[in-house]
Amino acid sequence: MSINQLGIVKRNIVRADKSAVEKLARFGVATVHEAMGRVGLMKTYMRPIYAGAHACGTAVTVLMHPGDNWMMHVVAEQIQPGDVVVAAVTSECTDGFFGDLLATSFRARGAKGLIIDGGVRDVKDLTAMEFPVFSKAISAKGTIKATLGSVNVPVVCAGVLVNPGDVVLADADGVVVVPAAIAQQVADAAEKRESLEGEKRAKLAAGVLGLDMYKMREPLEKAGLKYID
Amino acid sequence: MSINQLGIVKRNIVRADKSAVEKLARFGVATVHEAMGRVGLMKTYMRPIYAGAHACGTAVTVLMHPGDNWMMHVVAEQIQPGDVVVAAVTSECTDGFFGDLLATSFRARGAKGLIIDGGVRDVKDLTAMEFPVFSKAISAKGTIKATLGSVNVPVVCAGVLVNPGDVVLADADGVVVVPAAIAQQVADAAEKRESLEGEKRAKLAAGVLGLDMYKMREPLEKAGLKYID
Amino acid sequence: MSINQLGIVKRNIVRADKSAVEKLARFGVATVHEAMGRVGLMKTYMRPIYAGAHACGTAVTVLMHPGDNWMMHVVAEQIQPGDVVVAAVTSECTDGFFGDLLATSFRARGAKGLIIDGGVRDVKDLTAMEFPVFSKAISAKGTIKATLGSVNVPVVCAGVLVNPGDVVLADADGVVVVPAAIAQQVADAAEKRESLEGEKRAKLAAGVLGLDMYKMREPLEKAGLKYID
Amino acid sequence: MSINQLGIVKRNIVRADKSAVEKLARFGVATVHEAMGRVGLMKTYMRPIYAGAHACGTAVTVLMHPGDNWMMHVVAEQIQPGDVVVAAVTSECTDGFFGDLLATSFRARGAKGLIIDGGVRDVKDLTAMEFPVFSKAISAKGTIKATLGSVNVPVVCAGVLVNPGDVVLADADGVVVVPAAIAQQVADAAEKRESLEGEKRAKLAAGVLGLDMYKMREPLEKAGLKYID
Amino acid sequence: MSINQLGIVKRNIVRADKSAVEKLARFGVATVHEAMGRVGLMKTYMRPIYAGAHACGTAVTVLMHPGDNWMMHVVAEQIQPGDVVVAAVTSECTDGFFGDLLATSFRARGAKGLIIDGGVRDVKDLTAMEFPVFSKAISAKGTIKATLGSVNVPVVCAGVLVNPGDVVLADADGVVVVPAAIAQQVADAAEKRESLEGEKRAKLAAGVLGLDMYKMREPLEKAGLKYID
Amino acid sequence: MSINQLGIVKRNIVRADKSAVEKLARFGVATVHEAMGRVGLMKTYMRPIYAGAHACGTAVTVLMHPGDNWMMHVVAEQIQPGDVVVAAVTSECTDGFFGDLLATSFRARGAKGLIIDGGVRDVKDLTAMEFPVFSKAISAKGTIKATLGSVNVPVVCAGVLVNPGDVVLADADGVVVVPAAIAQQVADAAEKRESLEGEKRAKLAAGVLGLDMYKMREPLEKAGLKYID
């Protein structure tokens, strides 16, 4: 399946291992992003449509043209419980590609949320439904249903390559994509990272400085830092 | 009254029919925008200053220069109960043209809210007052009172032409302007649209796909959509 | 200490008078900004990371390079109770320079908040901690610790010069910087301004127009304003 | 013809008086904008696609949907010699709605240029043809031909209302729209303004200060300006 | 090689077929983009640093961190004659990652140009050298050499996935990426497209309307277009 | 003189040493910025209004309010031969604060150029005059003359603190500010840097890699870089 191919729906995709997804869901986006080596984060313009929105699941992808959400109905059929829909558009567009009717349908299929490099609407209803959406824009402007895009092809969404089946994790800090092949390994690394943080937090709260806890004084001095009065 | 004319206050304007305004107020911006044929929506940078802000009323318009809010005091006198003030600026400016004192005055005159293609301040107070404002920016920077603009001339606000008396509707999805002449007709179309949605929502919630409900399978196939495994 | 000098930590800085800081903390940013003559406001892209965030204190400054937060640990040691950390970056960068561990450390030192012309992360935790942060962006992307910046040199943050020891006040309307030397005088002017507002508000609420209260009718007429029907 | 109505082509429009257009073409955008009282200027993101581009003519308007340039072919037929096509899009889109084939067709019909609140492509060819275009973006991305817009309805383009038949003037300083009804009057005012500038320029070049030439010293002193050494 | 992996240099990459690259170089970006089905275009903020810049070649990729261009020196060694360097950054940064010294080195290795989702400097020199660069920004701000990125891993640059060996084509209309596997096929499609354009251009220049040439009148009428007088 | 003070004109300022200015004028902005340690660069949105614009001189500063250029006439009188005017605005505004008449006056006083964190107009004339301007925007929109700002107070322009008398250097790579006190030292450092570049360029042109010339292979290996085939 090549990137951005048009007019295609791929039905059988390999989803990341369920246990890895469940484990990743326990961590924050910042922790997982660190555990991956600081790659895979979508651009910072991607924001939750309501405070507290959180989503984690396996990606089913959809590629649309500006102002046209026809493929949203096509992707709905490909959703399996635990999936997150990742929507890309072939050029920048803030129109409202998604609203409460589609959310009702997505939820009925078991979707855990929507990540869209475009706009959505019916934000009040989506909030009431607690259907998590992370988007570039909010816009009441609806779309037409006239041109083909694709479903479950690799897409670039908000600067990140997403392959169908990858794990997508989204919270107040942004949206991160974990390739399916390394999901378990990243989940383990995140767990390890998290376990170390509790101890650090306690020390810092007690007034220990990061300068000492991380033994930074010597490298800072070597780098030439000067203290003056 | 020509567009953007300066130094003018028009006292008598024809407001949209009250019953049409009241009916439109029952619907969301997305529904009304669809009912109008997807025109009349302000740019998506217009956002409510607090979650849940909602406004609907007849437009009284004000045109100001950047950094100068003198005309805000002039427009206050022209407000009638049920009006929404729509403020445009002759060039881009994010200064705070409006705060809690003006809001107090506007409310005393019966204003239902403010739509401004510029900045506002005293956001905490405005929120406490529950005075709905949709703006391009929030800025503590005050303005001077030195140059004339106009009141109740046609203005372009956030990309949309607003004539005094038009209906302005604003919620979480954005701001839409309904010309006074078609307010009743749009309200009826919105009502019709809304009444159809309940049934659709129930079907989608039950797992019926939009593909089938909207009979899209055949046109998609004709357009060349290919399913692969 | 010259502006933006690198590789320096200044330990002894002159902080604004405590009583002036406490007095300024009672007023809103808009009021203080007016009291200063409408200067000293940071750019409007600086936003609180949670609704209701509020901070007031004396500035300790930190200058960092894009993608590198090493100096955040250095500035922590220079914090005294009542300080607000003001962070500038040598070129635009939205990475997450700050998260809940640093916030724990800053709070342990007595910091009242963070103002950063860059990104932060762990927003959910920072919100739970009620640690006020005003930033340009939110980003899960972490940073490295490789290059020297400075602490307590004058910096330009979001368009405003901040000298160590200046008063920084931040609320829903933005962030304003009051030079230490005029803090008391600005606090007094703000108090005076505030005391006049209550009376005005009452009049406006009673329906008196600003046009009359501020005696604007004559100057408007002189400027050429025309009323038409 | 109401603003932004869809699915309509208006064939007979009243164009601004030819002599007024010709006179306006002799002046710069800045001069004409001043002569109109500083209104009617499109947003500053509208830029010429090549250095030195200049256009003046009567507006024929076209309204399109994002990613769809079908109506460009419809507007071509409505062009009369001396017209400038003004293209608006119902929501923000930077796709390339226009290229060298359409330019060839527009020129064959007598078009003087294109003003588009969207993207264009084939910039190298358009430059070689010296076909003046002022646009929001340049993009190789083509568009589809699937949805109806309108021709010769009033549109808002880059923040300005344009009625069919209005005069559009574009140069290095931007794009200004002169309503047909006041074209002659604005042209006369521009001429008067221009004639005064030569004399002023000579004085300023000789070292006379604007302070003295415009007699500003007294008002500045009254406003409170202090000179210090 | 997975996307965005850090600390890796891949030495052996499969470059697109030379004859396909040469053929693609004869066409414009708009033509090639159409020939690919309107996918593969970088975001429109990518602009040439001088008028007339043009580049075509096979991609060698480099991934860097914000403010750090160490890997630019690593990628230089991997350049083969006919390559275009495609540079991505792990988060948004406009610093000047590239200047005339690196350009001298790149050219000595046979590079045909640089595409960078970041900033460059020494623009005057690069222009004098006629070394084509397409970038997001111009900035005199230099970078450090402290952190590892990668060379010849797949990267996302300005919204498009680029695999090492893909064909990159850049001109006044933007930057398009053609996957190596379909380079010949796209080149052939572009050729076919181009050959049809000459005939069309002649017809349009003679005054034939696209409405008639493309037989659009009937579908427009069916879609409901109304002509009024 | 405190930062951003309003209603003040400072007549006697200490300008950077003439010989230092002359020496700095021989180098590019990128070289000088490096010589200063990578600080002092204005934001990258500051662009020349014509290709090839270049300016170097001592700063006279002016602070204005949005939409008001009254102080431009006041600063004109304070210009001495060799000065560059640096204009800041109290909040963001793209209006045209400056055009060919003011340029004529500035040139008559000996000004070397204008750096403005706002808009300018009459770009065609300014280009013909070869009067170098670096600005945030181009806009035909004129301004009023109603409110006081200041002349020769310290200002923040495009993110950089500028004190009257500092050296300002602008070319295709951007605008850099060199504090008067270190102008000579920076000029010397720039000269040294430049002299080293010729030799490096020759080596790189001969095919020597930066990897070897800068001895980067070992540190890269230590940092963990892996070469794979």
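Points worth noting:
Per-chain numbering from 1; labels A, B, C, D, E and F assigned in written order.
Heads up, the rule we're going with is that a contact is a pair of C-beta atoms (placed from the backbone, for glycine too) under 8 Å apart; a residue touches a chain by one contact, two chains touch by 3 or more.
Everything quoted here is computed from the prediction, not taken from an experiment.
Common neighbours of chain C and chain D, by the contact definition above: A, B, E, F. Shared contact partners of chain A and chain D comprise B, E. Both chain B and chain F derive from one sequence, and where they touch, over half of the residue numbers involved are common to the two copies. Between B-D and B-C, more contacting C-beta pairs join the chains of B-C. Matching residue numbers shows that B-F is the pair in B-D, B-F or C-F whose interface repeats A-D, with more than half of the contact pairs in common. Rounded to a whole number, the gap between the C-alpha centres of chain E and chain F is 31 angstrom. Between the CA-based centres of chain A and chain E the separation comes to 27 Å, rounded to the whole angstrom. Touching two or more other chains at once are residues 38, 41, 44, 51, 90-92, 94, 139, 141, 147 of chain E. In summary, the structure contains touching chain pairs A-B, A-C, A-D, A-E, B-C, B-D, B-F, C-E, C-F, D-E, D-F, E-F.
Residues 28-30, 33-34, 38, 41, 44, 47, 51, 171-174, 176, 197, 200-201, 204-207, 209-211, 214, 216, 220, 223-229 of chain B are the ones touching chain A in the complex. Taken together, the chain F residues at the contact with chain C in this complex read 2-6, 37-41, 43-44, 90-92, 154, 156, 159-161, 179, 181-182.
Across the complex, chain F meets chain B through its residues 65-68, 90-95, 139, 141, 144, 146-147.
Partner chain E is touched in their complex by these residues of chain D: 7-12, 50-51, 70, 72-74, 76-77, 94, 96, 99-102, 104-105, 107-109, 119, 121-125, 127, 137-142, 145, 147-148.
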